[in-house]
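Naming follows writing order (A, B and C), and every chain is counted from residue 1.
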């Protein structure tokens, strides 16, 4: 009998030991997971901040420097990123919102909604480089030139599913009572959606769109062979709006890619400065968007 | 009057297994229970009744320290199990829960086979004997063996609600506990399944001590030897449960001493 | 006079009704178009890969020559090293990210006596932030921080374990191992957040049932919670795998882009995305078609993995 009690005590000790060990392991995993994040944030700040501070405002306006020449800036890349991302947003926001409206408001009980949602999720899983290949095949090969529009179209492939799914989620959070109240007053579906449902869900939708834009701004793979790169601003003065369609255009992310791999120290410095600017843009907008609505965090 | 004394002796001659000296039980700042002084007798069925929010489930979950998982839960006072305070630093909650089993409101079989549902508890507790035998014995005791003996490899979730609850009872008694706590075990079941579980409790009474929380007064009067009536009162801005009357079941239902008990069992409030 | 009023009123209603129906059909059309977008992508790739299908057939997947001047100047192409590199680097990433991600997910979903919930919320947020860092920033960080930091480790691995194939050749700075590590960090938020969702979806009464039988926290996790969340957990692995296989820039910057199969993970390699990133901008003729073929293969592999994951996660 005493033996049984003793054996039971030993077993309990082992069980508690295993429990303790595994708890330590997951705590350790959580600490390890944070190491890369802080390493990246600190190192990019450390390498990039000096260049940004010494360059001052000119960093944001001047052309990227040729090899071995001090100074220069990220002007065309910043403007280029804004232009390409704006084109992407202009294509994907209306599409994403309309698709979400159908899924959330008009597709109740239709089996097709399941499949639309399924394939929208699948589209969200398309690798970003494939978005670039698609736009290359559809636009670059047809127009025979790299362009801001080709880059924006590539980004829109990535943005549409994100915006659709985020918007649908936002619309679903609108209480059913509100719709019924609107319909009860004799509103049409169009009026109910545009006057009641969308305005109510707007803050959450804006969050989703901001996150999609932030992610798109950081993308490189879809741009390297659609928007390509340029050392200069778009020649709107000679080409007019056509410059969006027939000229390669710079972007921060492609600048980082190009300059990170060259042996010239001044260009590497620009790559770090661009990394800091890009990281700042992306992280700050992500954080603001998330904390503004506190989505399931 | 004769019935009264007979039931009294029924409570009197049994050993005490659990004793509550709970001064107060808090969820954060809210006082959920106060001054619960009671003894639970060995090999008796004790029923906790009372209006919802009276703290009867809370007290039940103190007995096997399931409230440890509730954030901000805090107990003042003692609960003695076989004479030892279960909140003592030397008492291990895991070991305690093996000795005091629990059956929940909703049947909660694991996503495993019927066999594995039963074998899980003994296995983690280092059971060395014949597992097949233990599984069969537990299922027989839970009056489920005949219904499932040919489908032990089927998932536990494939059973009907009443069968699932009996599976959970079999699972609880497979680790050979001394006490089985039942938290409204029939509230999710139909009347026929409920009846079967009640019959089962009568059969298990000789082997285990059973404490059952129920909102169904007929059930309490049918199955239990002892009944505790809890009521809820507003105290310091929170709804606080108190033990109003604790006596043999026939006393509670036929000649309750307190007015509140009389009103409740008489169906006049609650 | 009243009749006239009614007429204008009903005419307006009719117009409003038509606009309304038109609106519903418009949203439906757009929605279907979004769903069919994947098909559009596939058809563009197939269309532009025709020449390469025709020239190389299935041999494209088995050959390891990538030579624009070969085959009498027409070009000779095959992507076996890239398929190998894509699979190995992504599985390497899983090997690291899955234990780490599951660990973090468990840390985030369990309640611990000493950890305030606020700290868990903060940790979840910080891990999510990893997903917001642009790929190209991972790349530049990989080149200048991770690669130098790994030199002692890779040297040590090679010196002591050169008998094992994967460590058999002297380490180079860009390598399969670095790519796997960077990928692991990049898919960590995907694996973590989906695993966390799967664990949180396990009904709490199963946990209570197990604890009430005298199980410890980890016995409950290992025997009850993880098996119950199984399909969601496998889904998180699959989605992480799909992300890793499709990831481009960071890999292209740290893998070394060598066009041959090397058993040693300390040596450079190449993946389909890194091949596309390196070659597309300057490609012409049959080379474009061969790249389209490669892109088509990548898309099919990632789509199948994704669909498998979506079915497992089942969140529609």
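Note that in this section contacts are C-beta pairs under 8 Å (C-beta built on N, C-alpha and C of every residue); 3 or more make two chains touch, one makes a residue touch a chain.
Note that the structure is predicted; figures quoted are calculated from it, not measured.
Taken as a graph of touching chains, this assembly is complete, with every chain in contact with every other. Comparing each chain's Cα centroid with the centroid of every protein Cα atom identifies chain C as the most central. Averaged C-alpha coordinates give centres for chain A and chain C that are 15 Å from one another.
One finds 53 Å separating the Cα centroids of chain A and chain B. Centres computed as Cα averages put chain B at a distance of 50 Å from chain C. For chain A, the set of residues touching two or more other chains reads 15-16. Contact of a single residue of chain B with at least two other chains is seen at positions 94-95, 124-125. Residue positions of chain C with contacts to 2 or more other chains are 216, 219. By the touch rule above, chain A contacts chain C in their complex via residues 15-16, 18-19, 22-23, 25-30, 32-34, 36-37, 39-40, 43-44, 47, 95-96, 98-99, 101-103, 105-107, 112, 114-123, 125-134, 136-138, 141, 146, 157, 160-161, 164, 188-190, 193, 214-215, 217-221, 224-225, 228, 253, 256-257, 260-261, 271-272, 275, 278-279, 282-283, 286-287, 290, 297. Residues of chain C that touch chain A in their complex: 16-17, 19-20, 23-24, 26-28, 30-38, 40-41, 44-45, 47-48, 99-101, 103-104, 106-108, 110, 112, 121, 123-130, 132-141, 143-145, 185, 188, 192, 216-219, 221, 239, 242-243, 245-249, 253, 273, 276-277, 280-281, 288, 291-292, 295, 298-299, 302-303, 306-307, 309-310, 316.
By the touch rule above, chain A contacts chain B in their complex via residues 7-8, 11-12, 15-16. For chain B in complex with chain C, the touching residues are 64, 66, 69, 71, 94-99, 101-102, 104, 106, 108, 110-112, 120-121, 124-125, 168, 171-172, 175.
The residues of chain C lying in touch with chain B in their complex are 111, 117, 203, 205-206, 208-216, 219, 223-224, 227-228.
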